[in-house]
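In the two complexes below, chain A is the common chain; its partner is chain B in one and chain C in the other.
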Partner chain A sequence: MSDAAIAVRPVRAAPRGGGLTGLLLVFLPVGLLAWLILYPILRAVIRTLVVQTGTGPALSLETYRFFFTDGYSLANLWLTLWVTALCAVLLLAVCLPIALYLRFAKSRIAALVQGLALFPMFVPSVILAYALIRTLGPNGAVDLVLNAAGLPKIASPYLTPAGPVIGLVWDNIPLTVLMLVAGLGNVSDNAVEAARDAGARPFALLRHIILPQIGNALLVVLSFTVLSIFSAFTLPYVLGPASPEMMGPFMQRTFTDVQDPRMAITQAVITFAICAGFGAFYVRSIARNREASR
Partner chain B sequence: MATLSLSAIGKSFGGADVIPGLDLDIAEGELVCLLGPSGSGKSTLLRMAGGFEMPDRGTVRIGGADVTRMPPEKRPTAMVFQSHALWSHMSVAGNIAFGLKLRRLPRAEIRSRVEAVLELVGLAGYGARKVWQLSGGQQQRVAIARALVLEPQILLLDEPFASLDQHLRERMREELRDIQQRLGITTLFVTHGQDEALALADRIVVLKDGRIEQADAPDVLYRAPATRFVAGFIGTMNFLACDIRRGRADHPLFAVPLALPDGPAELAIRPEALRLTPDAEGPVRVRRVTDYGSHVLADLETDDGERLKAHCPPEARPAPGQRMRLSARQLSAYQQGRRAEASPAHLREGALHA
Partner chain C sequence: MTAHPTRRRFLQAGGATAAAAALMPRLALADDGTVNVYTGSDSNISDFWTNVILPGFRAQNGSVNVRVVDAGDSAGLRAIADRALAALGTGKDPQVELFEAFTPDQTAGGVEAGLWVDFAEAGIDGWDRVNPEAKQTDLDLPYRGSQVLLAYDATRIDPAEAPRSWEALTAWIAANPGQFIYNRPDKGGSGGNFVRRAIHEANGRDPKAFTIASYSEAFAAEALAPAWDILNAMAPDLYEGGAYTSGNTQSIQLLAQGVVSMTPVWSDQVLQAVSMGVLPETTGLVQLQDLALCGGFSRMMVPVNAAEKAAALELASYVLSAEVQSKIITGLGGFPGVSWDHVDPALREAYADVIPATIPTFPSGPWDAAVNDGWYRNVAPGISRG
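Up next, the complex of A and B:
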C-alpha cells in the first residue's frame, strides 16, 4: 500500500519534465521544418490564390483554371506522370532481378555485380547526362560503331522522352537496389527453403513468398522513385524533349524565360500536391502494413 | 513410404571436408536420430537428404531412385526447420495449404486435409490465426503440420524442439512418435537432446567430424557403446585409466581380470552401475552431493585425485567428506578408443568389489 503510494509520485512527475525536454529536443528540427518548408509552401499557395486588384487583394483561381484548360500545360503534366510511371516500372524490372541475385547468389561474382549496380551513385547527374549524349546522342559512340559496321544509324533517344527515362532509370538504380536488398534481407533463407521444400518452383517462390514479404520495401522503393523522378530537373532539362517538356524544366522556363512567376509557382504547387498525395498514400500503406503484421 | 539411402556421400565447404564419405541406409518407416557434437555435420547431412545442399560425392536414393541431382521442390521429402520458418504473411491454414495449392488440389480437398492435419497436431480451430499470434510450441506444431500435410515419403527434422521447454518438448516428441508410427513415415531426426534420441529413435546414429561413430538401437548404444567417444558422449561415463598386464587391469579400485592384450586401457563404468557403501576405511571420499529428485549424484574422489560420479538412491544419501566403499555391477574396457570385446563373464552377474 505505502509502496504503491511512494511509487506513484515520481511516475507522475516524470512525464512533465520528460515532455518539456522532449519538446525542447524537437523544437529545433520542427522549427526549421516550419520556417524552411512549411512557411514557403503556405506563401506559395497564397501567392497563387491571391491577386492584387484595384480595390485590394482578392481570391482568384485563375492560374489553376489556366493550367487545367491549357493543352500545353496538361501535356507536360501527362508527360511527367507517364515518364514517372514508366521509370518506376522499369526500375523495378531492372533492379528486382539484380537485388534477388545479390541476395541469393552464393558466387563471388556477386560482389562485382554489386559494385557495378552501385556505381551510378557516384556519378553526378550532369556528367551522366553528357555521357549519355556522347554515347547515345546523334553521332555518339553507338552511332560511330554502327556506322563503322555499315549499319544504319539508331533513332537517338536524345531530346525525346526516352532520353530522361534512360538517364533517370540509370541514375536511380543504386538506391533502388540498395532498398530492395535491404528488404530481401528480411526474407530468411529458411523461409525460402521451406517453400521450395513444399514444392515451389522459382516463379511461385517469387510470387507467393518473396514479394509478399518485401511488400513494405516495394512501397518504399515506389515512393522514392516516384517522388524523386516526378520532381527531377537536371536529366529532363538536358536530355528531354523541348515540347512537351517535363514539369521541372517547364517551371524553370515559365519562371525565367516567360517571366510569369505566379504561373511557375502554380505549376510547382500542382506538382507538390501530386507528390504530397502520393506521400500520404505511402504513409498510410506503411501504417496499415505495420498494423496488420503486429 | 520409402527407404532413404545415402551412399559414399561427401561434402566439403571451402576445401574443408565436412563429411568425408558416409553410408547410411534407413528402412521404410524407421525413425533414425542423428546425434553428435556441434559442427559434426548433422544439419549438412539432413540438408543433403532434402536437396538443399548438393553432395560433392556419392549418391542419395529415395525408394531406390537416384535423387542426388533433384532439387528440393521435386523430392518426396519434407523438412521441419529448427527456426520453424513459417511464412508470416500467411495464416496458419495458409501456411499448411501452400504446398497443396501448388499441387493444384481441389479447394474442398485442401480444406479438409488442412483441417485433418491441424486436428492431428492438436491445433483444430487455429487455422484462421496469424502465425505470429501463436506460442513457440504452437508454431512448431504448425511447422510439423505443414510438413505432414504433403504426405512426404521422407520426413526430415532439424532440431525441431530446440526452442521448447522441457514439458512441451516431451509432449511434442510423444505426439511426433505417435504420428510417425501411425503414418509409417521414414524419418531422419537431428537432435542435441540425448534423452530425446534415446526415447524416440529406432536407431541412433552418432556422428563425429562427419563420420559415423556408431549406428545402433538406443539400448545397444547406451549399454554397449562401440567407441570411447560414444561412451563419453551418450550419458555420463566414468573413465578410469589403467594398464592391462597379463590379463588383469592394474587399477587400484578395480583390479579385475580382463582377457585383453597387454597395454594401456580405460575402464568405463556408468554412474548408475556403481554402488556405494559407507566404510571408514573405503578408498574414495565424497566431495559433493547433488540431488536430482529421482536420484542423488555423488561426486567421488580417490586418494590419487581421480574423480568418479555415482548414483545413489535418495534415501541412502551420503554426506560430503564421508568415505565409501565401491562396487560395480557392470564395467567395460576401451583400448585404443574402441570397446574391448573381452569383458569378464562373472561381471555380468555378480558385483565387483573394490
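Up next, the complex of A and C:
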C-alpha cells in the first residue's frame, strides 16, 4: 500500500507544476475574456435590471416585461429564430453533400469544388449583399437571362425574408463545409470499405456508418451557424424587409435611432441568453468529445 | 444622410460601441496644430471637403494643416461631441475643431455648458450672408442645403403629367401599383422626409406646427396617427405591396434598374447620380407645389475649447466664401448656405428653376425617435402583410 503511494507521488507532482504553467499560459486569454466579454455582459445585465430612483437604486424588470408583452419586439424575435432555424437546416442540406463529396472524391475537380465552396469566406457581406441585389434582385442578371430566353421573371427575394436567408446560407457555406470535412476525417476508409464489401448501399452507408461518427461535428456546426446567423447584421439590414426586423438591425436601431440604450441592451441580453443556450451545446459536445478520446 | 452597415455583427453590449468610438481617435491624434474636421455625412461630402475645400483653403492659408475624419453618422459625431463636452470640464484638448453635419441639440447639456462657439458674437466673416431661412441658432452655421424631390423615369411618365401635389401623387401611386418606393425613414432622409411630408399633409400642411418645443408625447400621438393612416392606405400600391428600401442609394438603384418608375431622392444625390451615369439622362425631377418635400441644411459647429479655434473659424468663414458656395452648387448639386443674392449671378440664373423659394424643414430632437419608431411600429408591418 505504502509502496504504491510512493510510486504514485512523483507522477502526481508533475501535473501540479504543469497546472501552474498551464494557468499562466491561459491567464492572458482568460483575462481578456473576462475584461472584454464577461465584464460587459455583467454590466449590461445590471444596467437593464437596476434603475436609479429618488431613493437610490432599485430592481426593475420593466424593460424585460415590455419586450415580452410587446407584439412588435416578439415578432422580431420570432423572425430571428425562424430565419436561424431555416438557415441551419438549409446549410446542412447544402453542405453535407459537398463535404461528403470532398471527403471521398479523389479527382482534380474536387479541388475546384473546394475552392468554390470556400470562396464566400473571402467576400465581405456588404459586397455580397449588393451582388445579390444585382443578380437575384428585380430586373437583375437572372431576370435578364430569363427574359432573353423568353421566360417569365423570378419572384425576387429582395426586401422579403427570403433575401437574408439566401445571403446568410451562402455566406456561411465555407465554415460549415470546413467543419463537416474535419468531422468526416474521423470516418475511417476501412469502415466505409468494409460496409461496402458487405453490400451496404450509399444511403445505408450514410445512415449507419457515417452519420453516427460525425454526430459531434454536426452539433458543433449547428451551434456555430446558429450563433453567427442569430447575430447577423449586414445581410438582414440590406436585403431584408423593413418589418419584422432581425434582432441585429433591431438592436442597432433601438440604440442609435430610438436612442433607448437600456431597451437596446435588454434586447442584447435576451439575444445573448438564447445564444448562450446554443453555446452550451457546443461546450458540452466538446467536453464529451474530450472524455471520449481520453 | 445614411446609417452605414459597417459592422458585420452588432456588438452584444451596446455601450461598447460608444466606448470604442471615443477611444479610437484619441489614440490616433495628437495635438500638433492640426484642425480636425469630423464629418457625419456620406462619402460624397467628405470627398468634397478633401478634394475641393481643403486645397482652396490651403492656397489661402498655407500654414494650417486640416484633417478630415469620417465619424460615420450622427451617432459617431455625438460620441466626439460628448468627448468635447467632457474635455470642457477638465480643461483638456478635445482634439476636434469643427463638426460637419451636426446640431447643438444632439449633445445633452452642451448648450447649457456653453460648449459651442456663438457665430453671431464671434463675428466671423460671412455670417451676415447666411440665408436667414436656414438659420436655426447662432451656435450652428448652415453652409449647404439639399432638398428631397421626386425622381421619375421620363420615358414612362410624361413630364407634363408628373404629379405636382400630394393628392396627384397619391392618385398616381394608386393608378400605378408597384411603381413607387420610398426608403425606411431612419435609413436615409429621402424616405424620412417623404414620411414627414405625409405628416405635414395630415396636419394642415403647416410646417410651423412642428418645432422641437412643440413636441410632447400627446401631441406626437395625435399628429402622427393620421399620417400613419395615409401611409398605410398607400402601402398596398407600393413596390411588392409595401416594401421599403434600406437607404437613399438603394432607392436610386431600383429606379436605375427600371424596377420602379418614381421615388423620392435627395437633390444633391440625384444630380450626382445623373452626372455619373448611374441614372439615365431621361430622369425627370419634380417638386410638389402645394408644399415641397422637406429639406435640410448641414451645419458646421466649433467647440469653444478647440485647440485651434481661430483656424477653425477661418476655415468656417472660407466655406461661406462665394468660391466654395458656388462649388457646392456646381460640384455637389446642393444649395448654398448663403442667400442666393451672394452667389455668382450666372449660377443664380442657370439654376433659377430648382432654387426653392422656401425649404420646409422638420425638427429633429425628440421628433426623430417618435416619427421613425412610430413608422416601424405602425406602417412597416403593413395591414395585409401582418
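We take it that the second predicted complex is superposed on the first by the 259 of 294 C-alpha atoms of A that agree within 3 Å, B and C clash if a C-alpha of one lies under 4 Å from a C-alpha of the other, contacts with A are read in each partner's own complex, and residues count from 1 in each chain.
Here, a contact is a pair of C-beta atoms (placed from the backbone, for glycine too) under 8 Å apart; a residue touches a chain by one contact, two chains touch by 3 or more.
Not measured: the values here are computed from a predicted model.
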| item | value |
| --- | --- |
| Clash or fit (per the criteria above) of chain B with chain C on chain A | fit |
| Touched partner set for A:T271, first chain B, second chain C, both or neither | second |
| Three-chain overlay, vertex chain A: chain B-chain C angle, C-alpha, nearest 10 degrees | 150 |
| Touching partner for A:A204 - first (chain B), second (chain C), both, neither | first |
| Comparison of chain B and chain C by chain A residues contacted | C |
| Touching partner for A:Q213 - first (chain B), second (chain C), both, neither | first |
| First, second, both or neither for A:E193, with chain B first and chain C second | first |
| Touched partner set for A:P241, first chain B, second chain C, both or neither | second |
| Partner chain(s) touched by A:F233 [first = chain B, second = chain C, both, neither] | second |
| Distance of closest approach, chain C and chain B, by C-alpha atoms in Å | 38 |
| Shared chain A contacts, counted only where both chain B and chain C touch the same residue | none |
| Interfacial residue positions of chain C with respect to chain A in the complex | 3, 5, 7-10, 12-17, 73, 75, 184, 186, 239-240, 243-247, 250, 253-254, 257-259, 368-369, 372-373, 376-377, 380-382 |
| Chain A-facing residues of chain B, complex | 50, 52, 71-74, 77-79, 81, 83, 85-89, 98-99, 102-103, 132, 146-147, 150 |
| Residue numbers on chain A that touch chain B, as the complex places them | 188, 190-191, 193-201, 204, 208-209, 212-213, 215, 293-294 |
| Contact set on chain A toward chain C in their complex | 40-41, 43-44, 47, 72, 75, 124-126, 133, 137-140, 159-160, 228, 231-234, 237-238, 241-245, 248-249, 251-253, 255-261, 264-265, 268, 271-272 |
